[in-house]
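This is the structure I have questions about; it appears just below.
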Amino acid sequence: MKNSGYYSQFGGAYIPEILVPTFDELESAYLVAREDESFWQEYIDLMSTYSCRATPITRLDNLTEQLGGANVYVKREDLNHTGAHKANNVMGQGLLTRRMGKTRVIAETGAGQHGVATATMAAKFGFDCTIYMGAHDVARQRPNVFWMEQMGATVVAVTEGSQTLKDAINEAFRDWVSNMDDTHYVLGTACGPHPFPEMVSWFQSIIGIESREQMLERTGKLPERVYACVGGGSNAMGIFGGFLEDKGVELVGVEAGGRGRGQGQHAARLAYDDATIGVAQGYKTYFLQDNDGQMQDTHSVSAGLDYVGVSPILSHMHETKEVRFEAASDTEVVEAMQRTVRNEGLIPALESSHAFAQAYKEAPDMSSNEDILINMSGRADKDIFTVADAVHDPKWQQFIIDKAEAYRAEMQNG
Amino acid sequence: MAKSPTTLELAIRKAREKKDILLMTHIVLGYPNFDDSLRVVEDMVKAGVDLMELQIPFSEPMADGPVILKANSEALKAGATVEKSFAAAERITREFDIPFLFMTYYNILFCYGVDEFVSRCKSAGITGCIVPDLPPAEGQQYLDAMHAAGISPVHIFTPKTPETRMRHLSDNSSGMIYCVARKGVTGKDTAFSDDLSEYLELCRSSTDLPLGVGFGVKSREDIDFLRGKVDIAVVGSETIRVMEQDGVGAVKGFIETLVA
Amino acid sequence: MKNSGYYSQFGGAYIPEILVPTFDELESAYLVAREDESFWQEYIDLMSTYSCRATPITRLDNLTEQLGGANVYVKREDLNHTGAHKANNVMGQGLLTRRMGKTRVIAETGAGQHGVATATMAAKFGFDCTIYMGAHDVARQRPNVFWMEQMGATVVAVTEGSQTLKDAINEAFRDWVSNMDDTHYVLGTACGPHPFPEMVSWFQSIIGIESREQMLERTGKLPERVYACVGGGSNAMGIFGGFLEDKGVELVGVEAGGRGRGQGQHAARLAYDDATIGVAQGYKTYFLQDNDGQMQDTHSVSAGLDYVGVSPILSHMHETKEVRFEAASDTEVVEAMQRTVRNEGLIPALESSHAFAQAYKEAPDMSSNEDILINMSGRADKDIFTVADAVHDPKWQQFIIDKAEAYRAEMQNG
Amino acid sequence: MAKSPTTLELAIRKAREKKDILLMTHIVLGYPNFDDSLRVVEDMVKAGVDLMELQIPFSEPMADGPVILKANSEALKAGATVEKSFAAAERITREFDIPFLFMTYYNILFCYGVDEFVSRCKSAGITGCIVPDLPPAEGQQYLDAMHAAGISPVHIFTPKTPETRMRHLSDNSSGMIYCVARKGVTGKDTAFSDDLSEYLELCRSSTDLPLGVGFGVKSREDIDFLRGKVDIAVVGSETIRVMEQDGVGAVKGFIETLVA
C-alpha cells in the first residue's frame, strides 16, 4: 500500500492493518478500471439502460422570473432509478465488485437513500447484501428500510454511539474486517480511506460531464455558478467534476446550517468554523469534534447531510478556494423545498433543497445573462414522513393515527 | 535495520527469562470510572499480569468489537478525557512496576499534537503505543517521535498480512509485535487451530521482536496453546466482560485462573 | 359537434349539452395540434427536459434466466417524473390547455398517480388546480394527497356513490359544466367522451414509438409479445401504439383479476365475461354493470386498475382480436411484484405488476430466441402503505403505531 | 322541418290557454321509496302542478347536483329498478291527468334496449323523455323510436348553446325545449338577471316549441321573473330539498306557495 490519496493535507488511508491487502486489491481494481475505457463504457451502458442517464436539465421558468436575476437550471439526479445520485456510485461499485469476484456487499446508510440504492444494486447483480443503519435512522426512515428488506437485504440497526451515520460506517468496517474475502464495502459518499473519495467522485463525475455538455448545448455557454449540497460530498464532487477546468464557473457547496452556528446545532464543517482537522473513519479531513478529537453530535433537518466529516477532496478545495462553502438553515431549506414544489412541480429532497435555498438567495443579485445550475441530488417523495413533519401537516398526522388504529385492530383480530 | 532494544523490549525479554509465556491485559481508561480503572490495574498486577494495554477512549473505535466499543463510549459519557487518561497513566506507572502501553486511535494523537502526545507518554512512563488505524505509511511523524523518545511503536500482524509487509511492519516497530489471531474485531471467539500455528510460525520468522497474540484469547487452554509459539498472550475483551458480569472485584480471580 | 370518435361500436361522446361547445373547442385544438408538427416537437422537448424521455428499456437478466424462456425486457415508465406514465398525458394536455388559453385544470384520480401528475403539471404551467378523488381513495392514498396539496392543488374528497374513481370522474364533470370557460378537464386515461380516448392514446403513444425503436436497436428485431396492464387503458394504448402495424407482435392487455371471476370480485372487463356494453361517463364501452345498467363495485389490490369501464379503443381491439386480454389475480400480482423487486431491483407499481405477472406466466413457454416487452407503467415506492399491507409487514405496522403515538403526544403537548 | 304537434306539446299549449306560466316539478322515482314517490306526485298534482319529470335513478347521474345525486343513489340502495320505475309510472299516469316525462341517463335506455324502452314508455303513458347525456348526434335510434311512438324527445338549451345548434336541437325535439338557466349542475342558485332574459329571448327565437326553464328555480319570485318569457318553470332540486327537510307532507304546502 502506497502513501497516496492525499489532497494537500487531506485524505489518506488510516485503516486497520487487516484491511491493507483489501484496500490494495480495491485500489488496483479501481486503477485498472479507470485505465480501461471499456469499463466506463460498461458503466454508461448500465446507467442508461437500468437508470435513465443522461438525466435531463430542467429550466425553472417560473422561479427564474420570480427571482428576477440569473436563469435557474436544475440537473435532475432525482430522476435516477431509486431517486437520487446515490445510484451512480452504487452501480459503478457493483461493476467493480463483480470484477473483483466478490459475492457480497455491505453498506452504511443514514437517510436510507444509499442503503436502498445498494440493496437495489445487490438485487440486480445477485449479491448478498447487508446494510448498516443507525438505530435512530432505522426508526426515522422505516419506508427505506422496508424497501431494502423487500430487495432481500438484511438491515442491521446499529445501536452503538450516536446511532446515526458515522456509527453505521464504523459498524460496516467491523463487518468488513471479518468478511473481506467475499465482501466489498460500498461506501456511499466521497469520504473514507483512499481510494474511496477519488473512486466515488469518479463515478459521480458522470453528473458533471453530462451537465457541462448539456448546458453548452442548451445555453451556448457555461453556467456562472454551480450549486450542490454537501453531506459527505459525493453529489457535489460529481457535478463540480465537470467544471474543474473552467475558471469562469464558480462552484458553491452548501452544507447543513441546521439551527445556526455552534457545535451540535448544524453539520457545516467548512462554511462555519466549528470544525477542526482530524482523522477518523479512515481519513483526514475537517470533523465536528471536540478538542480531544471526540466526534460531536450534529443536527440537520435532512438525515443525509447530518455527518461529522466531509470529503477530503472538498476540504482541499475549500483551502484552495476552488469551491465556496455556504450553509443553509433548516428553515430556509424547508421554505426552498416548498417553493420549488409549488412553483415548478419538482420535489427536491431536503438534502438537495440546501442547494436550492442558497441558489435562491443569490440568483436575484445576478443578471439575466447569467445562468446557475443546481444539482438536484434526489427527490423527497420517499421522505414523506420527514417532509410531513418538517411542514407540520395535521392531516398527515391524523392519517397516521387512523392507520395505526386499523393496524391495532387487525393485530387484535388476527 | 538493526535497532537497539527499547525499554519495552528489554522488559519483555527480562520477564521471559522467568516465564515461558507472559500475560498482557487490556483496559479502557475511565471505564466505568477512573477509580475503578486504577483498582483493576492494581488487582491485575497483583494477580500476576506482566504487561498492560491502557486504552484512551475514542468516540469512533473502528477496530473494536462490542465489548470494548461500549467501554469506550461509556467512559466518554462518564467524562473521560485525554488529559485525565494521561493523569491516570502517570499514577499507574508510578505505582506499578510492569510495562504499560497506550492503545488508542490516531485522532487522539493528532488532535493532541503527535510530538506533544509522545513526549507526554514519555513523562507518563508509558513504554509503547498501539494505534490500530495508523499504518506506518501514514505515521512518519509518529514513528520519528516515538523512536526519538525511546517509546515503542507497536504494529500489528494479521493472518492477511503478506510476509513482505510483516517485515516492513517489523522494521517500523519496536518493543513487540501484536499479532491478531484472526480476522474481525476484538471480543469474538477464535479457533485455536493448526492454521493459527502456521500463521504464528510465519509471524515468528518475519521479525526478531517479541510476539504478542490477541483477539479471542480468554482461557487457560488458549494460553497453553500459545505457549512456546509466542512471547505474550493478550487477554482483552474477556477481562472487561468479567468485570461487567461479576464486578470489578472479580477480575483478580479471573486473572489468577489464567496464570495459575 | 360531429358524430365521431367511434371505434366500431365503441366510443362516442355522450355529454351534457352545455359541454358541447367545450368539446368542440377541445377537439379542434387537439386536431390542430395533431396536424402541427411543432406541437409534437414541443411535447418531446418538454418531456425530455422536464421528465427523462426517452425512458430506457431494461433487460431482466436474472429473471430471464430463472424463467428459462423468452428474453424479458421492460419499458421503464417508472422513471418518468412523478413516477408513472401518467406524466406523458398530463404534460401533453398541459400544453394544449395553454394553447386554449385556459388557466385552471381539474382532474379525477383514483390511486392518486394521475392527481399528483396533474398537480405537478399545474405547478409547472402556473395553472390553478383542483383534483377530485373518491373519499375512500383519499383515506387510502394520503401520501399522494399530501403531495398534491404541497403542489398547491385543492384536493376534493368525493363522498358520493362508491367514493372511488368513477365518482371522482362524475364530480370532475360537474365542476367542468360550471367552469368550462377557464377550465380544462385533464382526463387521466384513454376513456371518457371523444376526443379523450384518442387524444390520451396519442400522447401516450410516445411510449410505443420509443419502445419500437429501442427494441430494434437493442435486439435487431421486434419483440414477439408486448404486455401492459389495463385500467382505463392509457399505458396499454401507449405502448401498443408503437406496434399496431406489426403483425408479428402479439399485444397482451392484463386486467385486474382481483379475487377471481364474479361481479364485485375483480375489475376485468374484457378478460372475464362479467361486463356488458353500456354508456356511462360519456362514452360507450364494456362496463361492469347490472342488467339495468347500474355500475357495480369492483375489486383489485391496485387502486389504479379498479375501474368499471375501459378504453373504447381497447374494447374495439378486443373484438377485432388485435389485443389479447388476460387477468392476473391479486395474489399473482403481489408475488410478481416481490419477485421483480428481489431479483432485479425494480419496484413495479401494483398496477404494472399485473403485466409482469402475466409475462412471467407465459415467458417459460417461449423460446430463448423470442423477446417480450413489459410496460412498467409506474413505480410502487409511493404506494408504500398499499404494498406494506399487501405483503403484511409487521415491522411497518409497528412503525406506524409508534409514529401515531408520537403524533398524539405532540398534539397533546402543543 | 315542420312537425305535427305531439301529445306533450298539445297538452302544454292547452294548459297555457288557462295560465300564463306552467309549473313542472321533478322527482326521483323510488326515493325515498316508491310509496312516497306516489304520495308526492299526488300532493303535487293536487297543489296544482302542470307537468312532472319522473327520474329513473341511475348510478352515474353526471349532470345532477348533490341533492338529486343523493336521491338517485338512495333510491338504488333502497332497491329501485327500471322495472319498478315503469310500474310506478304506469300507475301514476293512470291516476293523474297531467303530462309526465321521464328523465334519465342514456345507459338506462341502452341496457333496456332503446326500442323496447320507448315502447314501454308508450304503454306506461309517458309523453316525453329527457336524456341529458344523449345529444342528437348519438341518439338517432332513440329519436326515430320516439317520433314513431309519438313520445317527445326533449332536448336542452344552455347559455353556451349557439343559435345554430339551438335550431338543430329544436329540429330533433318535440313537445318542448328544456332551457337550463345557467352553467353547472342541478340544485344550485341562479341569478335571475338581464343576462338570463337575453338568453331566453335567444331561446325563444330559435324554436317554435314551448320553453321550460329549470336549474335554480325555487320561489314565487323566480317564477314571476319567468312569466311572459317562457311557458314552463321547472322546480327540481328544491322540492326534494323541502321533502328532505320537512317531510313528504310538506311538499304540497311548498308547491302551493309557488302557484298561489
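Labels for the chains are A, B, C and D, by order of writing; each one numbers its residues from 1.
By our rule, a contact is a pair of C-beta atoms (placed from the backbone, for glycine too) under 8 Å apart; a residue touches a chain by one contact, two chains touch by 3 or more.
Since the model is a prediction, treat every value here as computed from it, not as a measurement.
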Geometric centre distance via CA averages, chain D-chain A, whole Å: 66
Computed distance of Cα centres, chain C from chain A, in Å: 33
Approximate Å spacing (C-alpha centroids) for the pair chain B, chain D: 98
Between chain B and chain A, distance of the C-alpha-averaged centres to the nearest whole Å: 38
Arrangement of touching chains [line / ring / star / complete / other]: line
All touching chain pairs, where touch follows the definition stated at the start: A-B, A-C, C-D
Chain D residues within the chain C interface of the complex: 58-63, 65-66, 69-70, 73, 76, 81-82, 105-108, 110-112, 132-135, 137-138, 155-162, 165, 169, 180, 183-185
Of all residues in chain A, those that touch chain B in their complex: 1-3, 12-18, 20-22, 160-161, 166, 170, 173-174, 177-180, 276-282, 284, 287, 289, 291-295
Partner chain A, residues of chain C touching it in the complex: 48-52, 55-59, 62, 76, 79, 81, 83, 119-124, 126, 139, 142-143, 145-147, 149-152, 338, 341-347, 381-382, 384-385, 387-388, 391, 393, 395-397, 399-405, 407-408, 410-411
